[in-house]
Amino acid sequence: MASKLIAIVAGVGPGTGAAVARKFAAAYPIVLLARNPDNFESLAKEINAEGGRAIGISTDVADSKSVKEAFEKIRKEFGSEVGAAAAVFNASGRFVRKPFLELTEDDFTAGLDVSGKGAFLFSQATLPLLLKGVEAGSRYPPSLIFTGATASLRGSATMASFASGKFALRALSQSLAKEFGPKGVHVSHAIIDGVIDIPRTKEWLKDAGPDAKLSADGIADVYWHLHTQPRATFTWEMDLRPYVEKW
Amino acid sequence: MASKLIAIVAGVGPGTGAAVARKFAAAYPIVLLARNPDNFESLAKEINAEGGRAIGISTDVADSKSVKEAFEKIRKEFGSEVGAAAAVFNASGRFVRKPFLELTEDDFTAGLDVSGKGAFLFSQATLPLLLKGVEAGSRYPPSLIFTGATASLRGSATMASFASGKFALRALSQSLAKEFGPKGVHVSHAIIDGVIDIPRTKEWLKDAGPDAKLSADGIADVYWHLHTQPRATFTWEMDLRPYVEKW
Amino acid sequence: MASKLIAIVAGVGPGTGAAVARKFAAAYPIVLLARNPDNFESLAKEINAEGGRAIGISTDVADSKSVKEAFEKIRKEFGSEVGAAAAVFNASGRFVRKPFLELTEDDFTAGLDVSGKGAFLFSQATLPLLLKGVEAGSRYPPSLIFTGATASLRGSATMASFASGKFALRALSQSLAKEFGPKGVHVSHAIIDGVIDIPRTKEWLKDAGPDAKLSADGIADVYWHLHTQPRATFTWEMDLRPYVEKW
Amino acid sequence: MASKLIAIVAGVGPGTGAAVARKFAAAYPIVLLARNPDNFESLAKEINAEGGRAIGISTDVADSKSVKEAFEKIRKEFGSEVGAAAAVFNASGRFVRKPFLELTEDDFTAGLDVSGKGAFLFSQATLPLLLKGVEAGSRYPPSLIFTGATASLRGSATMASFASGKFALRALSQSLAKEFGPKGVHVSHAIIDGVIDIPRTKEWLKDAGPDAKLSADGIADVYWHLHTQPRATFTWEMDLRPYVEKW
C-alpha cells in the first residue's frame, strides 16, 4: 500500500543515528541517509534480517543535487505518494576545533554547510512527506527531530565553526516548530550535552564511573518519546546529559 | 516492607497534579499534598478503590511547620526509613495579575512564598527520601520534578509576582539538578506553556479547535517519561505546549 | 525648588553602590540607603564636602515598614512632590553558599527576601517618583537599574539561595521594563559577572594579572550610560565582565 | 605614521552603518565597506569634507576574494603595519520572509552567507589588525562589534533564513569574545530589537508616536560606549529597543 508511512534518518553513524534508526525501524520502514555507505550497510542488513525494512542511500545532505536524488530514490522505492511519520536530522559535519585565526574557510563552513544548509535541504525534502503523514492520519503526529549539542546554546573559544552551525540549526528548528506545529507536524530539538558512548569514545571519561557517557539507546528512547507525544502536548526542546555531567 | 518507595505530589488540584498522581499511583504508593482537602479527598478514594494506595495530607508548602508535620505523617504511615521514587512539585500559589503599583505586598509575595520558599521546603523534605531511594536501588532514578510555566522564562507587564516566583523556582531546580544529579537523583523542570484543559478553562480557546489546550494526562505522561529516563540520559528541562500555541 | 529630581541608591557598600552614588551625585542630589550607617556615613560626608548633596538613611529594604519610613524621610527632606531621575537597586542580602541540605530556612530566604521582596518594595516606592520625573521632563529618561549577577542566568550547586533571589530579581526587572518602558521609565538589568575589585577581594585573583577584577567605577560608568540612553534606544539587559573572565 | 589606528565598518547603509561610521570617524580614519558604492560614496565625501578621513571600498563580505582585495587596499592606503581600534560588522544580507516551503536554496543561504561566512571572513581579516591595536596600546580596547537582531534570540515562522544567520552570528561573536577577550580585544554583540528610523521605514509605526523607532544615532552612541569600556568592564551583549516596543 502506497500510503504506508516511513521514517527517515539523516546522519546515520555508529552512535545516535543507528540507535534512532533501530528504534523507529520497529514501527516504520526506514530510510538511512549517510555520506559513507559503510555507515548504513550493515545496519540496513541487520534491520532487514530482523523483519524490519530498511534502505540506505548514500547522500550528502549539504548538496542539493544529492538530496534531490535521494528523495527520488525514496519515491521510487515507496511510491510517489509516500508520506513520513518521522524524520530525524542527526548530521553534524566535520567537527573542527582550532584557534580562530587558523581556521580555513572550509573549516569554518563545515559547520554551517551541514547544520545550516543541510538541515534546510533535509527539512524542505521531508516536510511535504510529513504533511502527507498528517493527512493520512498517522497514529502519532509526524515528527521532525533535530539533534543539537551544548554548542547550540553556548559559543566557546576555538569552537566558532561548530557553534555557528548548531546555533543556526536551533534557529531553523524553532522557526519550523512555529510554522509547522499548527499544521500538525511536531518539530523538536534535542540538546545532547555530553559524550556519547560509542567505540570512538571508549577510552574517554574512564575515571568518571559507569553511565558517565550518554547512551545512544537512551537518546533513541527520548526521540521515540518525542515522536509519541500527542499534539496537545508537544515538546520543542529538551536537554539530555549524563547524571555526572557538569554544566 | 519499610523500604517500599513512595511518590509524593505537592499541589494536587483538578489538573496536572491529579493526573500526575494517578499516573505515578500505578507504580507507587502515593502521598497527595494540597492545602485544601477538597483537592485530594476524592482522588485518594479513587486511587485506593482502584487497587492503589494513596493518602492525602492537608499541607501549606510555604509553611515550614506544616511541611514538617506532613512529613512526620508520611513517616508514621510508611515507616521512618521510607524512601521516595518520585516527588513532584506542582504548587503555584495564588495567581495575581495586576498593574504593578496596585500590588499589595501579599500579592507580590504570593508567588515567591510558594514557588520560592515552598519549593525549598518541599525539596529539603523530599531529597533525603529520594537519596534513600537511590540507596535502595530503585528501578528508575528517583526523580524530583518541578512544574514551570511560560513565566519561568519571560517576565511580562502585570505578571511581576508570578514570574518572580517561577524564575526563582527554575533557579532552584537547576541548582538542585547540578548538586543532586551526581548523587543519582534526577531533578527536572517542565515548562508548561499554554492553557491546561480543566473544568475552569472549559470556555477558553473554544475557537481554536480541538487539542488547543494542554491535556493534564499528556503532561503526566511526560513526567512519567522523565522519571523513567536512565541516569546516563537525564533531561533537566523541557517545554510543553499545544501544537497551535503561539510562542 | 521642590521639583528638583533626585537619585536613590539602595545597597550602598564599599563597591558598586558607592561608585554609582558618586557618579550620580555629580548630577543629582542623592539618597543613600543601606542597613548599616557605616556604609554611607563617610560617603555622604565626602559627597557633601565636594559640593554635592547626599543624605544617608538606614534602611532594611526587605522590611516594608523600614522602606516606608525611608521614603517619608526623603519626602520630608526634598518635598512631598519630589521626583526621581534615577533609582538603583544594588542590594543583595547575605550571600550563602552551602550544600542544599544544610541550608536553614533563613539561609534560603536570605536571597529571596532582599532580591525578591526587597526589590519589590524598592520598586513600588521609587516608581511613583520616577514617573514624576517623566512628567517633570527630566533631561534623561528616569531610570530604574537593577544589579544582577552570573547567578541571574545560571543556578549552581550550593548556590540555590543566591540564584533563586537573582532569578526573581531578573523576572521583576523584565516585567517592570515591559510595563513602565512605555510610560517613559527606563528599567535596566546589569549582569555583573566576575569579582569586583574592593578591599575585601584584594587578595583574590592575584595571579590573573591587572584588570582581572571588575572596577566599581567602570560599573558606575555603565550605569550612567544606561541612564543617559534616550527613550528611542533603551537597553534592558547587558552583561559586564573583566576581559580575562571565563564564561 | 604607520601605527595610526583605523576603524572599519562593514555594512554601511542609510541607517546604523552610516551613523556608526560618522561616530567613529570623529576619532579614527575610517574604512567603509558595502557592496554598492552608492551606500558609501556620499558618506565618505561628507566625512572627508568635515575634516575626517574616510575611504569606501566596494566589498562583498561573503566572498573571500572580495574581502581579501578590500584588506589589501586597506594596507595599501594605511600601510602594511596598520592596526585597528574598531571593527563593526553591520551587514545582514538580503532579508527574506516567506513560507518555508517556498524558500529557494538561495533565499535560505542569503542569511547564512552574510551573517555566517561573511562575519567569519570579516573577523579573520580584522582580528589581526585589532591585535595590532592592542600591541600599539590603543587608548580604548580594540573592539569588534556585531549587529544582531530580535531574530538572534528567537526563530519565527517564515523567518528561518534570517534567524539562522543571526543565531550563527551570535555564536561566532560569543566564541570570539571568549577567545580574544583575554588577548585584549573587546568583542560585543548588540541585539537591535525594533524598527530603525531610516527613510525606508518613514511610514512605519506612524501611530505609535514619537521615538517609537530606534534612532541610528542612538545605536551609534551605544557602539561608541561599548568601544570605550575599559578591559576590566567588558560587555559582550546588550539589547536595544524603543521604549514602546513590545517584547
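Should a chain be cited, it is by its letter among A, B, C and D, assigned in written order, with residues numbered from 1 in that chain.
By definition in this document, contacts are C-beta pairs under 8 Å (C-beta built on N, C-alpha and C of every residue); 3 or more make two chains touch, one makes a residue touch a chain.
Going by UniProt, the chains are A, B, C, D = NAD(P)-binding protein.
As the structure is a computational prediction, the values presented were derived from the model and not from experiment.
When the contact pairs of A-D are matched by residue number against C-D, B-C or A-B, over half are shared only with B-C. Comparing the residue numbers each copy contributes, subunit A (NAD(P)-binding protein) and subunit B (NAD(P)-binding protein) share more than half of them at their mutual interface. Note: centroid distance subunit C (NAD(P)-binding protein) to subunit D (NAD(P)-binding protein), computed from Cα atoms, is 32 Å.
Averaging Cα coordinates per chain places subunit A (NAD(P)-binding protein) and subunit C (NAD(P)-binding protein) 46 Å apart.
Shared contact sites, meaning residues of subunit C (NAD(P)-binding protein) that touch two or more other chains, fall at 178. Chain-to-chain contact here is organised cyclically: the chains close a single ring, every chain touching exactly two others. On the side of subunit C (NAD(P)-binding protein), the complex with subunit D (NAD(P)-binding protein) involves touching residues 141, 178, 181-182, 184, 186, 197, 211-215, 218-219, 221-222, 225, 229-247. For subunit A (NAD(P)-binding protein) in complex with subunit D (NAD(P)-binding protein), the residues that touch the partner chain are 64, 99-101, 103, 105, 108-109, 112, 116-117, 120-121, 123-124, 127-128, 151, 154-160, 163-180.
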